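What follows are several structures.
The following pair of complexes shares a single chain, chain A, combined with chain B in the former and chain C in the latter.
And now, the complex of A and B:
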């Protein structure tokens, strides 16, 4: 089989009808362009959601007491010794190299009261130096600061919506009441910072204090509810989770703490992304399938118009399978042209949106929540590794599939038709 | 020992279905054509000339009977084997010039050599030599639509002959040509027949072809009535 001859003839055959070929290739290009843009914006939105969820939540990997999620009403703690052991593991070189930050936290529920109002809150005791640069709240401060040490009264940072509800501002005093064992403890706090995330749940219910202040209120010196571990790259999540778990299992006698990935710690977010991705694939898959039908139609028309020529080629000694390959080459070349143009256009658009973002603000609120995570209306394009490869593979398969029937029809031509007038 | 004939058929029959009717386009034809003959199959329209040529050239299969090409029975060959036979042993010249539109004159002429896997340098040399012999030098890079009717037919002849097949089948080769061009082409084919001892079989109702043939086979209603 002379492939270079078939390639040459296939390419020239495409240009017998330049307008038809150009229009078909253009349709394919538009399909590929839309696929890349929608994948990029979709991935960008997901990546932003994951980043927000991770930074607002418990990091890429969370280390918490075993069974902490089995009972919702009961709070579980790592004692001081366990917390120190975890710190030592996180400090090991092979782990430290991939970890951007590890924030120890203590969680509690309580009631926050001002002179004017009171409301139930979730309290997080945190180390401000270890939250900065990794967690979300320090970046969302709209007034004041994030737990800077000042004065004898312990500091607190509350959400703007909570401040409004309690009718307090910077410098105001509030009282936190919480359960410490069997006793009810109260602690006077001064509002040092106010944040705004755009998420009502967070802005109304989340209160942050210094870790040692909350440990003191709860009478649990050194206790930690969980370590929020933030990685340099979310792609390292699974590997780091496994590595940390291995080290913890090796270090702890008895029941070791649980180590969860963000996917395990935030299953609603994870599921939303999976479902949204699937919907995106389905929509674009259908779109490209319809475009592939256009390719099939173009090639089939070309085949039916050239029956006499195929019979001539067979009469001259070309084998039916060579005719098949030639027609398939035509289809694949047409697909490659369209895909190539679509890839260039799509990559250009992706690069633009990656840099400047796409503002969907006119279609929606400035921020909205999905699966409990805030989504900014400005979406920056981001393509997960392998997306382009997957796209091109899918497109190549479509082009190949579109070539099968026309190639089959062409090979069915009878060589005796060459002598018909 | 007598030489193996170039073509031998034994009671070959080809039947076509037309509605409820079965029509025998070729009906029990037995003949032998010797190597080097310049034979013409003549007959009115619908006599089965083209069908007979198709059966001899392995373009179509017989419904009954057997066909031999240079001693090889081709009746039961597979489609692929028939394609190889046509590629390596038989040259075709069709009534309509049947050049490949997307290939140049040179590429059309060397097409069979390409299928045979002949090296580029040898292909080029052989085609240029044939182009010179049949008087179409300088047309190598033209596409078929840039050639006159006579030039296209010469390119088709070049394509048929450059592979030096033992057997040439020509189906009404002069039908679409004017007198002068037709005669010139017959001169070329006769010269090739003399020089290379290539067997030529024409299907024709052109008197110019018939009078040049060394043997005339007359076909009526699918049967040989004379010259068989």
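And now, the complex of A and C:
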């Protein structure tokens, strides 16, 4: 018997119980819908967290002195020669083509005081032209500008929470106290800009000044703590990290600087995402298992109440294998209908949330953060390539698994049953 | 019930109920395979719901405990306006040590630790870091926070000792160990620059990078000396009460007794709003779980019961023909649905108990994937332990029965609306 006939029979069999078929397919559709929506929102939230982490932190790829991570960044520097060598490598055509920007930075820790208060801060010396368009802070300026103006007093840009704490505004003077060598240095700075990221730690503890100003304060002309490399596409991270590392290892004589991907530079964030994903899979996997049991139930009932029919078919010469295939087709069709409807609904919701976002603002009056990166209250759905294919494969496997036992039972029917009862 | 004076109508209706119950139960097992599969599907959903509720409650419990017990305490008292700027000049406008001692007399206060806090630069050799300098009383802290138990080496400085306790990361950055000297420079309350030498008395590891890398702790009296504060000038009093869940209630009681003009009593929810937000978020998340699991369970029940009813329409017709009231037929079907829900719950309990026991007793060990990460500024993991949230399990169980009964009403009314004459002739499928 050919497959198209079996297909037609399976389809008709399904609609002998339209209500039952509809309900089962509906359950499956809900399962697939939830899977796509939750994957979309999960991926979207993760992607946003990664983007925030990368733009706020040290880029997709960070180049820093070897061993810097064992203590804290500011105690290790690339000297002027090493920094120039790194710049040359980043300027090579095969690398520059995929790099949106590379920002050299110098880090220090110190005490920032106004007439009213003082607090411990993390100081970042940055080149404004090279931060703009890639790093997060220039986009988060709420008043003033990002280190554009150069006056007689070195400029600084501080967070809104820090400005409030020190009770200073644009144009105010603050004193940065930090250590250069064995002596404590005090440097007068003028507040030229104020940023607000919404992340408490950042807004209260981060201070930016121009790179050359910080180099002068620390008596470290040309020194760099790290290069933050921002790529056009985050998908290139691993490949570009390897390529840059290769070039650096080739051209440095002594200990070359280490090259880290954002996953290595922000292990907490990376691990959180893996674990959150695993939880998401587990939850949806169990839901779909629950739904697949519904398919099993429906098909098994359909098989058991048609024992006479099967035995008649067998008596007429249909082979047990063909009955197996027919029942499997029924199950797969049922799964396909449910999955199809779920896919359409899920994709629609995904497109909607991708455009307008899901506002969790009503659930949370405050943002919360994971691994120091704040989670936005508006989540935009995003699906990694391959998610839909992965979902459909999983669903098809479930539908197939649910059909095995009923198909096996159906094929075991004996021709003699038709005449009995 | 069996007393001879009981009135007959009541007795007969009672026995009818009993009969309906028995019929419903028997009907359920006319197709044992279908019942078993449906019950399994619902049980799987319920086990997952219980699992998620348990893990979430466990995470909330651990995060709140960690967040409050490490340094913050369940609640804190400050001068009004001290938060969030923590200006060194805003000390509590009362004799602070005396106030802390008086608070201890109250039943709901288990511990009260007076503290001062300032920012300064700590240096050793050619390395220096801007840090928060906290002045703490070791004995009082041990009643309020667990910081004293987080020491890798040494301890908090004793009363009057010119020692300093540092976090693991800070000690590593400065390259110092126990007994080494560090210098602290801080802005003092009289406008001068406080500047003094201390020996490292202990190194702690809290698991929070911000604390391990940014906090240096002196003895309270020694810190007051550095900052030119009088012994009674205190910035905050951290308080431990019976449990974090009582913090808000105790805070409002204390606020009322102490007066609200110049003092602010803040529960942890105010002190760590991120954590409170996370708790609220995870609670709303668990309601979404309820809805999803119950929706799928309701569809399973509806599907199974529709099958069960439609294959027995003939039977219902006969029952109606011999005088069974529609209400009784509905009762019979609803009994069957409720019994199905109960069987599912029993199955969920049997299958789920070992899973939940494992989650609560040993927890999910993620240490192969992570050393733990911070959420809302609180360290989480690497082992996630669940909690026996029996009240929530019971609520979920009752909601499931309710859900099943609602889903069963449609098949039941279909069964009850059977027209005996047409049905017995087999005219309606």
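Basically, the second predicted complex is superposed on the first by the 414 of 421 C-alpha atoms of A that agree within 3 Å, B and C clash if a C-alpha of one lies under 4 Å from a C-alpha of the other, contacts with A are read in each partner's own complex, and residues count from 1 in each chain.
Convention: a contact is a pair of C-beta atoms (placed from the backbone, for glycine too) under 8 Å apart; a residue touches a chain by one contact, two chains touch by 3 or more.
Keep in mind the model is a prediction, meaning the values are calculated, not measured.
Asker: Just to be sure I read the superposition right, which of the two partners does A:219 touch: chain B = first, chain C = second, or both, or neither?
Answerer: neither
Asker: Pick one for A:88: touches chain B only (first), chain C only (second), both, or neither.
Answerer: neither
Asker: Check whether chain B or chain C contacts more residues of chain A in the superposed model.
Answerer: Per-residue touch count on chain A favours C.
Asker: With the two complexes superposed on chain A, say which partner A:110 touches: chain B (first), chain C (second), both, or neither.
Answerer: In the superposition, A:110 contacts chain C only.
Asker: Would you sort A:96 into first (chain B), second (chain C), both or neither based on which partner it touches?
Answerer: After superposition on chain A, A:96 lies in contact with neither partner.
Asker: Once the complexes are superposed, what residues of chain A are shared between the chain B interface and the chain C interface?
Answerer: Comparing the two interfaces on chain A, one with chain B and one with chain C, no residues are shared.
Asker: In their complex, what parts of chain B are in touch with chain A?
Answerer: Against chain A, the touching part of chain B is residues 50, 53-54, 57, 59-60, 79-80, 83-84, 86-88, 92, 94-96, 98, 100-103, 111-112, 114-115, 117, 159, 171.
Asker: Using the touch definition up top, name the residues of chain A that touch chain B in the complex.
Answerer: It is residues 2, 5, 9, 12-13, 16, 309, 312-320, 414-416, 418-421 of chain A that touch chain B.
Asker: Under the touch definition given earlier, write down the residues of chain C that touch chain A in their complex.
Answerer: Listed in rising order, the residues are 31, 33-34, 37-38, 40-42, 44-45, 48, 52, 84-88, 118-121, 123, 125-132, 169, 172-173, 175, 185-187, 210, 213-214, 273-278, 280-281, 284, 289, 292-293, 295-297, 299-300, 302-304, 306-307, 311, 366, 369-371, 373-377, 381.
Asker: Enumerate the contact residues on chain A facing chain C in the complex.
Answerer: Interface residues on the chain A side: 19-20, 23-24, 26-27, 30-31, 34, 70-72, 75, 109-113, 116-122, 161, 164-165, 167, 177-179, 181-182, 184, 200-201, 267-269, 271-272, 274-275, 283, 286-287, 289-291, 293-294, 296-298, 300-301, 304-305, 360, 363-372.
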